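Next up: the structures, one after another.
In the two complexes below, chain A is the common chain; its partner is chain B in one and chain C in the other.
After this line comes the complex of A and B, so read on.
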């Protein structure tokens, strides 16, 4: 289970990403460490605005710079640091080594080209294949992601596909160059529940078949429980807890994680008794001037003066289980 | 799986779709459904054909003066009548149409090229480059067009005609001044489109999968920005033909003996009372050209947008 080998595929080390705004410097990602091993599925969870997406986008250097800036840290891809790489060098990493799928399948495809053209384009520029070969690959990829009738559908335009089908196309496109790591940034958030399950199954199947690693970014704990091997919980630009999935759900150490797990809707309880869904009170603090001490202290029911005084470090509480809480 | 059954049902519902249709064939298929546009294309095609081969078929000299046949209405001898010097109007309209149409299309091409270039660079670069280019655009927009046109033509006509000959020199000059004063709206249009398109998810997705910047612009942003540009282009052709008429009217276009459509209108205006045919025919030629180009522009825009469903 614990796949963090000595040589991880991707190792994010003490990454700091800052955005300069009119009001000052926003520390969107503030010293994050995440490792993804070969063939491993890592989930990054946290509520909106906690830095998950920025972390993911930074790995491929897709954040707008300026106003964004990588203020420190390393992104080690198979031992090589991506932070100092120039745009050209980054381009050869994208799709071929690390691919990404976004949240919005409805708008992530170019409306004026057929889906086949778009998949073939990625293949052609990254693998220097010919037109025919690239189109054949596109058909093959569509078949792989279970789009019925791929020979015909390859010539259809994005508006002729439903949301779930488009997300399949996006996944086909992302996987078309056999990446070693797929970053999925909330790939199911915009889809309805039955389609969500299909897409998650598809991701799991692709991972099995192609032997790639997956870094899944989500805010839905239900999704985490379903697919993750290891979970990283982020809060306000920091990692607050990290554990194998069973350990995390069985023995959550950080109050924020506990809150997240409690806020999963329980259908079995809701139907029989008046069980109120618990929410974590308050909102994510401003990353402009983060308060000293634990960033969750203001919303934490166990917070003490000690919490508010100094920031608790991320420490190992059990084998493979780290938490940034003094409790 | 529910999703797949649904999708295959949709597929089988449209069996008429050919297995492999290129994007241009597809666009042509869609264009054909736009009846007005097809009709306009036929009319414009006939007009272009007429001015190209007309003077070879209707071999009446454009400048043969015959005072015995002044200001005559249409007859077998002169199908469109004659002007105050007895010159055959059909021959003059056919010959002048070559120049008017050439000026219209060439000036449009200049305006669109400059406009798209400036707009794309401004929209893509943003920041200081964008600010500077938009100042330039505003500067051009605020210049009084006509006095400047006159000045430019007055200053450069002789040099240029000395270099490449009278007719070609005037042609180049007129095309570049008309085009050079019509790119600003196109630039603004393209810039605005670029600003919204470059933030679109599909552009980001293409970037995330390794597309280079030129590729993003040429393949993903520009084609999506083209719809309004095509409409602007069709309006520009019309505007350029009319602008050329204005210049001819002021005596600064082609030499007076070159019967462009604008020139013919100008000459005809004093005789409207007793020789309306003189103004009517060149006017109709301009009207038909401009109208058909506008309809073609509409049809093209719809045909090139795959999202639009065109009913037969």
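After this line comes the complex of A and C, so read on.
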């Protein structure tokens, strides 16, 4: 699983997404390349505000335009560029080919319809099933994601479910049309720690059963270690490192990646010695007027004048391993 | 649900009693005498007037009069108008249909304007359509009904002479001619009330829709590949209806209040003009009964708002 397959399922090429705000242009995504192969699990990792959500939403053209704008690049889905597609044409891709699960299970479902109605709605739309058959599919999907009593629960409203259960419903809904790619945008961030593990297990199980590719977005390196095959590290609207998961953890090249790995809570160390979580000092710079040179320079302990002068390109440091650092 | 209704209705009883006590006291303490004219009429000796007052119990202490009023009210005897000697309930029943038709039609008109315009404007915020609609709504909402009413009368009745400006109940025609005349004389009051409410509700519908349109579940709906029309109607408008319907129900008493003014301008013989003429004539039984009917309507529409709210929003449960 090292090198990316020759014909990837999804290939984001040099994507630029800008938002016009009162203060100026926010370059939320600034030349991002991400590829996802068939059946592959790719993790996109980075701190909050690095452009992960915008990247994911742009793939399905779900960002608000305006203020958002795809300023450049391609989104190749099975070789076909989605960027020039009109909304009408995008609709047949959504849910059927590429499905998405959002971060907030509490607000992602419509409170006035039963979960059954909301799952049935998508299969009726995309697979032209009848009412009865769509509801049967909804029950089947709830059973698949291990919601107890699915025949009864389909008639319940979202507020009658806990956060974890709602995220299961969201996953059931996303998978109900058998998509080839599931994008999960921080699906566990809003949940309790114990529930987080259950949802990750569920995603792994669904992937094993249904065989779809998964693009999992997270800010937690611990999650990456558990589920990813390949990892893309994003910082301030750019990809700064990309590698197969073992390679990334074994030989992280970018100081930002190294910082993220050091910040993983470690149970073994915490128990033995007085170990402190080593968070990266500083914050993600504003994407409004990004400084020239390496965007991580302000927080990097190895930063030199050379780093600040010109932006280091993403280059191959080992087979299948790329990093954007002069080191 | 049923239990909740019963409980709400039981709570309504003390409120209505309280309202009636206050109303009764205020009216009893208010200056003015229905027999004022008799006092200035030299042909009627003061004893006659005093006897008349005594026979109506008008000189008893307030609390006794209140109890007398309440018991007869509960027996379904609403008393007689001091002025016309017609039973009050008959008077009200005569006038109520006209008011209800005028108000009903104007509210239908208001919603028929506010819903499509408000939704369309909110789905295209800051577009030309939105700006024009917003401005018109603001103007419509700022102009008081007595002003627009007079404006319409000047234009359509006096300048152009197209529409009658006094509402008549004694139209001689029959059949469709009668309906036509009724329609012609109802247009202006309905327009005045309907456009005013329509303007107010357009603004409210727009902001309710704008509140919903940026919620996460709308993005979810979009990620499902639904057509934009389905997203707007099913996932935006349906949710925005929760505050809108509730507000409309809660505002109905205010609308009745506004109708009083409009009825006055166009001389519509509705319940509002009944109240005004009763007040001018110190006709206490009529004032009392009409205000009491209004109070009941307020409580009824509050209850209706509650029920609609729970019906539209499954998160609300009645306990």
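Basically, the second predicted complex is superposed on the first by the 326 of 327 C-alpha atoms of A that agree within 3 Å, B and C clash if a C-alpha of one lies under 4 Å from a C-alpha of the other, contacts with A are read in each partner's own complex, and residues count from 1 in each chain.
Keep this in mind: contacts are C-beta pairs under 8 Å (C-beta built on N, C-alpha and C of every residue); 3 or more make two chains touch, one makes a residue touch a chain.
Nothing here was measured: the structure is a model prediction, and the numbers come from that model.
Trainee: State whether chain B and chain C clash or fit side by side on chain A once the two structures are superposed.
Mentor: On the shared chain A, the partners clash.
Trainee: Going by the contact rule set out at the top, does A:227 touch chain B (first), chain C (second), both, or neither?
Mentor: Neither partner.
Trainee: Does the superposition put A:162 against chain B (first), chain C (second), both, or neither?
Mentor: First partner only.
Trainee: Considering only the touch criterion stated at the top, classify A:121 as touching first (chain B), second (chain C), both, or neither.
Mentor: both
Trainee: Using the superposition on chain A described above, determine whether A:245 touches chain B (first), chain C (second), both, or neither.
Mentor: In the superposed model, A:245 contacts neither chain B nor chain C.
Trainee: Can A:43 be said to touch chain B (first), chain C (second), both, or neither?
Mentor: It touches nothing on chain B or chain C.
Trainee: After superposing on the shared chain, does chain C or chain B touch more chain A residues?
Mentor: In the superposed model, B touches more residues of chain A.
Trainee: Could you say whether A:147 touches chain B, chain C, both of them, or neither, answering first, second, both or neither?
Mentor: first
Trainee: Under the stated touch criterion, which partner chain does A:317 make contact with: chain B (first), chain C (second), both, or neither?
Mentor: After superposition on chain A, A:317 lies in contact with neither partner.
Trainee: Out of 3-11, 21-29 or 57-65, where does chain C run into chain B after the fit?
Mentor: 3-11
Trainee: Please identify the positions on chain A that touch both chain B and chain C, taking each partner from its own complex.
Mentor: In chain A, positions 60, 62, 87, 91-92, 94-96, 99-100, 102, 104, 107-112, 121-122, 125-126, 157, 159, 170, 173 sit in both the chain B and chain C interfaces.
Trainee: State the interface residues of chain A toward chain C in the complex, per the touch definition above.
Mentor: 57, 60, 62, 87, 90-96, 99-100, 102, 104, 107-112, 121-122, 125-126, 157, 159, 170, 173
Trainee: What does chain A use to touch chain B in their complex?
Mentor: Where chain A meets chain B, its residues are 60, 62, 87, 91-92, 94-96, 99-100, 102, 104, 107-114, 117-118, 121-122, 125-126, 146-149, 151-153, 155, 157, 159-162, 164-165, 170, 173-174, 194-195, 198.
Trainee: Tell me, which parts of chain C touch chain A in their complex?
Mentor: Touch list, chain C to chain A: 215-217, 219-228, 230, 235, 238-239, 242, 312-315.
Trainee: Which part of chain B faces chain A closely enough to touch in the complex?
Mentor: For chain B paired with chain A, touching residues are 1-4, 6-8, 10-11, 17, 19-21, 23, 200-213, 215, 219-220, 223-224, 304-307.
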